[in-house]
Structure formats: structure tokens, C-alpha cells
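Heads up, there are several structures right after this.
Note that chain A is present in both complexes that follow, paired respectively with chain B and with chain C.
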Partner chain A sequence: MTEEFTRPDGSTGWMPTAPTVVGGQPLAPEGGIDEGVGMDAAVETAVESTEAAGLDLKVRSQWSYARMRFFRHRLAVAGLVGLVIIFGAGIFANVVAPYSYFAIDLQNILHPPTTIDHHYFGTDGVGSDEFSRVIFGIRTSLEVGVFVAVVGSIFGLIVGAVAGYFGGILDNLLMRITDLVLTLPILAILLTASALTHSTSQWSISIILAAFFWTGIARVVRGVFLSLREKEYVEAAKASGAGDARIMFRHILPNTLGPVIVNGTLAVGAAILTEAALSFLGFGIVPPTPSLGQLVANGQNYPNQWWLTIFPGLLIVLIVLCVNFVGDGLRDALDPQQRRVRA
Partner chain B sequence: MLTYIARRVLYSIPVLFFSTFFSFIFVSLGTNPLVAIRSNPRLTQTALNLAIHQNHLDKPVIVRYFYWLEAIFTQKLGKSLITLKPIWPDITRTMGHTAQLIIISESLAIILGIAVGIYSAIRQYSFFDYSFTTISFLGFAMPVFWLALVLQLLFVDVYNKWHVRIVYTSGLNTIPGGPAWSIDRMQHLALPVITLLVVSFALYSRYMRASMLDVINSDYVRTARAKGVAERKVVMGHVFRNALIPITTVAALNVGGLLGGAIVTETIFTLDGMGHYFVLALGQGDTYEIMAYLLVTAVIIIVFNLIADITYGFLDPRIRYD
Partner chain C sequence: MPDPVLAIQDLVVDFRTEDGVVHAVDGVSYELYPGETLGIVGESGSGKSVSTLALLGLIPMPPGRIVSGTAMFKGRDLLRLKKRELRKVRGNEVAMVFQDPMTSLNPVLTVGRQLGEAITTHFPDEKHDVVKQKVIDLLRMVGVPNPETRYTQYPHEFSGGMRQRAMIAMGIANSPSLLIADEPTTALDVTIQAQVLEVLKRVQQETEAATILITHDLGIVAEMCDRVLVMYAGHIVESGTVEDIFRAPRHPYTIGLMNSLPKLTGDEEWLEPITGAPPSLINLPSGCPFHPRCFLARERCKQEVPPLKPVEGAGHESACHFSEELIGRKSKFSEAVA
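After this line comes the complex of A and B, so read on.
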């Protein structure tokens, strides 16, 4: 299974030594059901050459199945489009926002939403354009969410892999730590951590969030490692002289990528929500760095100016909604058991 | 079963010990309990030294942890060094208010969630199902604080426009005692309850729907139908009862999230609950009040985790404890 794979046209695919990316290995290497399983994205060029040779053999990798399933999931695609638009606006905030984040215009304070002068979301108590502030806030939320999800996932992956593969005392210790983190009242702990370390910058808040966002992924990864380390193909790899690191990262890790990607995606939304709550309560990102939660907190001071509360919050809802749709779509798409293409 | 419970209770002692130990060290290093004492302009050096000595602040943090541990049992959590008030009465009072909030909103959320979950599962892919799927997705994506603020904005607006007092938008009570008090309390609790309700409802209705669908497609339900059991009996007797099992676990494990939601909700509606107490303590950097909150919530969460495990065993006879 892990050895060289020769296609009918003579091209060799998928060898253990092939310089593939991390995601290069199949999701379900033990289930060689048909030609589809056992191929990977990195040999798609070979797939194309098969088609070019005029053979009516259609070879699909696990990843192309996943892609197909994902794009048939209408809500997921809608979520993806929404995210591209919202995050695109955030990334190119300098271009998209009509005003700067700080611009003060004391002649136009608390102006309701209007298209005149591009004050689409109105202006706040010092005349800053709320639309521009929200756009810059999206950028911060995006950066925090992605950072927390990536760092948390990598950390959770390592902890879960080590705990699941080596087992024993190490597993016990790591899982007790995970239990400990899971029993803590999480929002209270995050608030405490951020208040007592006087974290006010975007990056220190991100690091604090990441320090608590790895437990879920660690558990999932540990579960997969526990069940796969006893499999025959791992034994075969061991017999042919593969070291622990190689077995862990080349042979078992790719099988955890599905759940890790899904969990990581959903973590982006959760991190954005948590950051917003921290900033809202005043223990998160402080001005001048823009943040959506902070904008809502500012809106709280103006009970008669609804636009200052509604718009930033609405953007949080939209972002998290889209992230959750994409996460759901990925969950359905990356489930290797699910061969059926969703209608 | 009893040995299992005993083991779980014993096991939670080291968990509590370590979590409070690390939190205490962290909180102690991050706060300065002497801020209030030092702010007194007529403070003499001897008085300061005495205060430091009496409160064991001249000892290392690790030693102070054990003094704190002692104070939990002998002096009911001790007193705050910032406000100089004993902590226990504050904690019990605020905990009562938080309990009212959480119990009311949870009961409503569970009842509504189960009802909607059942109907969504029976009429899968119907208009009803799709509408509530949308609502629960919105519930998952909605920040609690934003929902609370929107409700507040709405009812402040209603009051300003028509001068009708439907519900209060902040505080806890204005009328003391009597039956009028209960109505008054309900008016104050209404918005916080709705806020917490929406988030939990989304969770419970989704779980209930999923677990109903799981059971509906199982073999013994097909058998029941094949035997000619009436549809109503199939749904209520065979499906519903078994689909309830996961919900109990989800509800018990949701307590941590609820306490977090209560922090935000109580802060916005200035409700005199534990979460509000905690945020105030955090703002002042009050070491012992922060620790009291963290300890109490940790105990609550551990107790509910235990309840989740035990009820699961009672409800699902396939689970064996050894």
C-alpha cells in the first residue's frame, strides 16, 4: 500500500519518497477500494496525462472527490463566497475604506447611515466613518482568527500525535492537562489571563487565545493516532525500518488532516467570537487597533444611535456564519467514509 | 456504580487542586493586593508592614496558596484586600441571582429545543425544519453581547417612544417584597433570560434533531414499524426516549459555556450576578475575589461533568462502569 504505484499508462504515482506536500497523502490509505483511493493531489499532473493519453480511465484522488463534494454543497459555497468578499474587504482595507480609521470630523458626529460622503454605516461620536472602522476591524478579526486557528491546530496536532502515538505516561500527562483546560471556565480564564498580563495588543490576545484553543484538536488527533498505530500498514512501515517520526508524520498524520482542517476552520469562527467578547468587555484589543468587539462596545455608549451597535455586530454574525457554513461543507466533503456525492 | 462515583469524586480533587494552584499563582503574580492599603495617605510604614505580615504577603506565592486554601475552609473564602469585605456573602448572593437566570433560561431552552428538535426530525427537510436550521445557525454565529445589546436597544426604544414598561433593560429590582416583587423580578430577568436562551436553544435543537434522526434510522425502529406499532407510539415511545440520552449530557456539559455567557449578559444588563461580580473584581485586580469566582465556577463545572457521566449511565444501560 505504501509502495510504488504504477498506472496503466506506465506513469508512477505516489511513492513514499515522492516530495509531496503534507496534504499529499491519501485520507484513507488502508481502504484501497478503487483507483480513487491511494492517489493524491500531488500526482494530479499524472492524472491529466492519463486523460491526455485518451484512456477512458478516470482517476480521481481523494482530494478531488473532496473538492467535488464541497462545491456541490450550496451553503458551503455561499459561505466561501461571503468570506472571500468580507475578508477581501478586510485585507484590502486601505483601498476599500473611504476614510482612515482615525479620521475625526467633528462637524459630522453621530450622523445616521447615508450614501452622502460614503458614510454607509453612519458616523460615531467623534465623526469617524463607521464603515471604514468596521472594514479595518474585519482585518483585525481575520488576523486574530487565522492566527489562533493555525497556531492552535499545529500545537493540538503535535500534542495529540505525541500522546496518541507514544501512549503511556506521556499520554496520561498530556490528556490530564487537556482535561484541566477543558474543565476551566474558559471565558473567565481568558479574561483573567488577558487582564492580568495587561494584554492589549492584537498579538498578545491572539497568543492567549491560541494557548486555549488546541485542546479539541489534540483530542481528535490523539483518537486517530490511537486507532491507527495498531494497523498493519504501520507495522509494515516499522518492519521496513521507518523511524517513529517518519511513521507519525508521513504515515499516520495525513489521516488526521480531515478532522484537523474542519476543526481548524470552525476555530477561526470561535476565535473571532471570543476575541470580540474579550474586546467588548474591555479586556481585549484596545484602541487605536480596531476590533469589531470594541466597536460594539463603543456603540453601547450611544443607545440612541443604533447604527453604531448594529453594523459591527452584524459583520461578526456574517463572518462567523460563513465560517461555520464552510466548516460544515468541509466536514461533509472530507469524510472519507462518504463516497456519495452530495446532491 | 458507587465505586465509580467515588472514584470520580476522588479524581476531581487533584484536578481542582492543580487548576486552583496554577490559577492562584498566575492571579497572584498579576495583581497587587496592597493597592487599596497603599492608597491610604496616612499609612505608616509599620502599619503597612503589619498588613503585609497579617496577610502573608511576605511569603512566597506557593506558601500563600496554602494559606488561601486554609482560608477557604476556615474563613469561608476569606476577605477581599481591596474592598476589605468578606467574600462569602457576596458570592452566595450573586450566585443566587446567576442561578435564577441560568435555571430559567436553561429550562426554557431545553423544553423548546427538544420540541423543535423532534418536529424538525420528523418533518426533515420541511419548511419548518429549514427555518429552524437557519435560526440555530444564526444562534451559533451570534455574539452573546451583541444580541443582548440589540434587545436592550429595542426595548429602550419602545420605552422612549410609547412609555410602556414591558421589561427593564438593566439592574435587578426596584420594588421590595410581596407578589409585586416577583413580577418586577421577572421584568428584570426577561431580557437576560432571552439572551442566554437563544444561544442554548440553537445548541439543543440541533443536537435533538441529530439524535432523533440517528434513532429514527435504526433497526429497532424499523422493527417497531414493521410490527405495526402506531406512528405516534414509535416516535414517542421508541425514538424520543432514546434520543433524549445525548441531550442530558450536552445540557450538563454546557454549564461552562453558560457561565461564560452569564459574564457577558450580566455585565450588559448590570445584573448583580457572579459574572458581573467577576468582571468588577477583574477590573480592580482583586486577587481573592477573582480566585473565589474561579474556584466556585470550577467546582460547578466539575460537579456537572460528574452528573453528565452518571446520568448517562443511568439512562443508557449499555454503559458499564467498572
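After this line comes the complex of A and C, so read on.
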């Protein structure tokens, strides 16, 4: 069945004889099968090009993976869209709100929701447009939430990094302080503080809240630092001459950003909720500056005018829900252990 | 002979553990000359790594403690430098390549950034573009293909061999005069090992850095090194040129190490292990630490610690009371070396 043949280049090989000729016609011309050299070259270029193509495809940072995972998380995206709309309205309250939040219209008090004159959420006891007040209330809540989350995160990050990296007495001291702050009843302290200071401006409330919101992040960051400072790459960084600060902030800190972002996001929701609770109790932000909690409290005085409590209350729920969805999505997206992309 | 780059005298390193004091390195002295590759071999726990980590102050203290010794490097004693000064030496004049490339790179930073860090740590005023170009050149030098693309990639996008190349690039980033490679190929498979060693060899020739290669692979030593130190239980038991050590080992432990290796030429049904187990460093045997496992051991070995003393061959030293009895004895690899 096979026959030794000589290739044009002089080498010999075995080729099948019988099947080459079908119906008297050779399937391949003489020597046509022998394309050894050409084939090799083709294979080589193919390998090179796929290598290059493979490399091109691979250029994808940790963040782009995270982005991909986040955007495949449906609830998180829904939460993000919700937040963009709600916070967008709050940020551009001047443009979005049809009325000023302190405009009084005594002809139109306690008007139920209607599209006439843009009183979508009705009017309150002095005829102010509830929709406008809610929109401005969102702005207040947003400012408080973001301020508390950012300031608390940065402070917590520093405390956690120092405690985790240096360990020992310093760690012990900082963590006991953290424990102490965690055990304090926030609400009671806040009530006392705001009663004592009398200055219940938005910013003083924010600062007091931030003073309580760093503990969670400090603990998380400390844990990450504790485990990472023993890693070989930290030793390698040491061996290449990096000092403590450089190792802490350049080498280890990027590893903590995932949990910090997640915690920070969730802190926004928690801070908004706490601020609402404070304002509801009348110790938070004072009128005429509206805040969502304070609007709910105000609505309590009008048991028959449901719109005055339902709408601001609903927005608190919506905001916190959206924030938590986003936080949840970020948690999954930023988890470096998770290579898998959600389908 | 030129002045040595590094001269270590009588280095003693202890670790305090709950069970007692471990003498990890006990009176080690050696010198390293410019451009030379020195191999340090020995079993796990023989003090190979600790003796070099001590130079850079990378031993965790406590529990570690440098009890005594000097390590003169360019006229300074590394063991007595202040933390700040030592940091200037690390990664700049003395660099280190670690064992496991999988964990020695930070997973959240791009390889380019990490290599750049190694440079900016010592030259903070260097412009970003200059650093980037230098890093790309370094990656090319250690044989990483497509260095421009690789620069922006993360460690998880590198294979093991590529990561170790990147680590070598990091080591030589600032043209150190001393490069310490601590088991640089242990975590890699054999074919990649060969490639990485090739890179290490080439890099060493180009940078002319004196190199300390810590390994337990005698094959690597034969391939790479000019001189060898054999360590056992924190002591140097034999030192000499590669040729001398492989052709005519003069310490029973070295002979045992050689005999335990398979030979590629010729049939070997059984390998010949060194009998017994490495001693506990907390409770070292009296006298010569190797005597319980030694085929030459006598009464004297139990009482006297043998000093390193010259045997035949240039700079060939052995710490054995009865090394003369080994004269004329050929190692299993004598033909291979010759």
C-alpha cells in the first residue's frame, strides 16, 4: 500500500499509493503532497500571529475585570442607575425642583399629589412643594452620606494600616480604641452631643457621624495588613530597599482598596439612615434646610396627609437599598479571588 | 588578588524559640570577589539562607538575633549599619532574588510598576518616562518577549518562568555589585530552570555583579558557580573551587551529598543516601555536628569541633579531622568535571 518516493528536494518518504489514484485521476499532482517547507513556515507565522493576538487580548487590568463583573451583576447595575437618578436629582436640585424648598404658599396648603402646578408629591402644612423639599432633602442626605463615608474611610484606613502593619503595642492600643468606639451607643451620644452643642448644622452632624463610622474600615484594613505584611512580595520590597511608609502605602494599600470601597459605599447608606433617624428625632438638621428624616418627622404631624410621610420615607428606603445593591455588586466585582465572570 | 566585595567574619545568628535557642548560623566566614559566583549548598535548615538574609537585615528580630560577626561590604559593616543606611544598600548595591516568583510579586500592581518601584525607591527624582524605558530595557535583557506589552500586565498574566525573570530584572534594576539569589529556580520546573539560570548567567556577565547562589541542587552549582561553600548545621564544612569540590571532595558530608545524586551515565539501581537525619539545631551533637552520620566518625569527632583547615587545592578547605584519609578518593563525578 505504500511506496518509497523521492521528493523534489531529494529527501525520501513514504506515501500511500492506492488511494492517490481514483478513477484514473491522481488526487494530487506529482510531489504535490510534499509541501513540508511551506507548511512549516505557515505554521510558524500562524504561531507568531496568535501569540501576538493572544497578548493583545490579554491586556486587561484588574479594574477592567472588576468593571466587567460589576456590570454583569444585574441588581448592582439597577442600584447604580437608581442612585444616579436620585443623587443626580439631588445634586441638580436647583434645576430639577420646581419650587424653592422654603417657598410658602398659604393658598395651597396640604394639597394632595397632583400634576397641576408640578405639586407631584403634594404640599405641606405651609403650602411648600413637597417634591421640591424632598429633592433638596436628597441633596442634604447625599452630602452627609458622602462626607461621612469619605472622611470615615480615610481615617479608618490610616488607623487600620498603622495597627496592622506595625502590630504589637500600637496595634493593641488602636484596636482597643476601636472597640471602645464600637461599644458606644451612637444614637445616645449623638443626641447628647447635638443637645450640648446646639449647633445642629449639617456639617457638625457629619463630623460627629464620621467619628463613629471609621471603625468598620479600620478593622477590615487592619486584617488585610496583618495578613499581607508577611507576604513574600513585602519582603521582596523590603529587600529592594523600600521603607515602611512606601511598603504600607504603595505595596499593601492597593490590596485593601476593594474592601475599603465596598465598606465606604455601604457606609454612605448607613450614614444617610443614621442622619435620617437623628433628624426624625428632631436632633439632626434643623428646618428650613430639609432632610429626608426631618421631612418624615414633619409628616407625622399630618396623619391624614399620607404623602407627607410616604414620599420622603420611600426615598430613604430607595437610596439605602440602591446603595446596598451597589455595595454588594462591588464586593463581588472587587474580590480578587473571584476570577469568574458572572453570566 | 583583588579586594573582596564582601568579607564575612565569624557570623553567628541565633533564633530564640520556645524550645530553646537555635544556632542557625554558627561562626561562618567567607569572602566574595568581584565578578565571582559563589554557590552555597546544604540541606534545608543548614543556614544557607539565614547567613545571607542577615546581611540585609531581613531576619525577623525577634526571634532572630545576630550574635556576632562582621560583614564588610565596600568598607562598611553591613551588620552594624543603621536601618536607614541599610535601606539605601538594599536593592541598590546589594539585591536579592527570592525563591518563589509566584508570591514575590504583588498581585495588584502591574509588573512594570513594581519594577519601576525598585528604581524609584532609590532614585525618587527619576522621570516616569526614563524609569519606564529602563524597566522595558531590563525586561528585554532578561528575555521577556514583548516587554512593552508585558510592562502593563499583572503578575497573574505572567508564567512562573517569566515572573522569575521579572524578579531577576528587579534584582539588577540598580546594577548592584552583589546579587543574592536564594534558590531562584526551586519553584520552577526543569526546563524553565535551565532558561532562568541561563538568564541569570548572562545578566551576571553583563552587570559583572558578584553573585551568591543559594541552592540545594548540586547540578546548578556545577553549572553556574566558580566557588562553593558546603554548609551543614550552621557551619561551613567545606569550601573550594567547583572543580575541587566535585572532583575531590574532602569532607564526608560533601561526599555523601554527591553519592546521593543519580548519575545520568550508567545504571543505578539504588541511590546512596546519607544515613540518619539532619540534627536538631537546638540540640546539636557535641564535637563535629556531622559525626552521628559520618562514615569516618571516631571518638575525637565527638569531642572536638573540627576547624576549617586547608587541604590540597587552591583555597580548598575542609572541616574534618580526618580529611587526609580522603586524599586520593575520587568523587562519583570526577570524570564529569574533568
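Rule of thumb we're sticking to: the second predicted complex is superposed on the first by the 285 of 343 C-alpha atoms of A that agree within 3 Å, B and C clash if a C-alpha of one lies under 4 Å from a C-alpha of the other, contacts with A are read in each partner's own complex, and residues count from 1 in each chain.
Just so it is clear, a contact is a pair of C-beta atoms (placed from the backbone, for glycine too) under 8 Å apart; a residue touches a chain by one contact, two chains touch by 3 or more.
Predicted model only: the values in this text are computed from it and were never measured.
Visitor: On chain A, do chain B and chain C fit together or clash when superposed?
Guide: After superposition on chain A, which the two structures share, chain B sits beside chain C with no clash.
Visitor: One more residue to check, A:186. First (chain B), second (chain C), both or neither?
Guide: Once the two structures are laid over each other on A, A:186 reaches chain B alone.
Visitor: In the overlaid three-chain picture, which partner chain does A:238 touch, first (chain B) or second (chain C), both, or neither?
Guide: A:238 sits against chain C, while chain B stays out of touch.
Visitor: For the three-chain arrangement built by superposition, which of chain B and chain C touches the greater number of chain A residues?
Guide: B
Visitor: In the superposed arrangement, which partner chain does A:215 touch: chain B (first), chain C (second), both, or neither?
Guide: A:215 contacts neither chain B nor chain C.
Visitor: For A:254 in the superposed arrangement: first (chain B), second (chain C), both or neither?
Guide: The second partner, chain C, only.
Visitor: Examine A:141 and indicate which partner it touches, taking first as chain B and second as chain C; both and neither are also allowed.
Guide: Neither partner.
Visitor: For A:294, is the partner it touches chain B (first), chain C (second), both, or none of the two (neither)?
Guide: Neither chain B nor chain C is touched by A:294.
Visitor: For A:202 in the superposed arrangement: first (chain B), second (chain C), both or neither?
Guide: In the superposition, A:202 touches no partner, neither chain B nor chain C.
Visitor: Please provide the least distance in Å between a C-alpha atom of chain B and a C-alpha atom of chain C in the combined superposition.
Guide: 17
Visitor: Share the list of chain A residues that count as touching for chain B in one structure and for chain C in the other.
Guide: Correct list for chain A: none, the interfaces share no residue.
Visitor: For chain A, which residues are in contact with chain C within the complex?
Guide: Its residues touching chain C are 52, 55-56, 58-59, 61-62, 231-233, 235-243, 246, 250-251, 254-255, 257, 336.
Visitor: Which of the residues in chain A come into contact with chain B in the complex?
Guide: Touching chain B: residues 176, 179-180, 183-189, 191-193, 195-197, 269, 273, 276-277, 280-283, 293, 296, 299-300, 303, 306, 309-310, 313, 316-318, 320-321, 324-325 of chain A.
Visitor: For the complex, which residues does chain C have touching chain A?
Guide: For this pair, the touching residues of chain C are 56, 58, 87-92, 95-96, 98, 100, 103-110, 114, 117-118, 121-122, 146, 149, 152-154, 157, 167, 170, 173.
Visitor: Okay, in this complex, where on chain B does chain A touch?
Guide: Per the stated touch rule, the residues are 15, 18-19, 23, 26-27, 29-31, 137-138, 140-146, 149-150, 152-153, 156-157, 256, 259-260, 263-264, 267-268, 278-279, 282-283, 285, 290, 293-294, 297-298, 301-302, 305.
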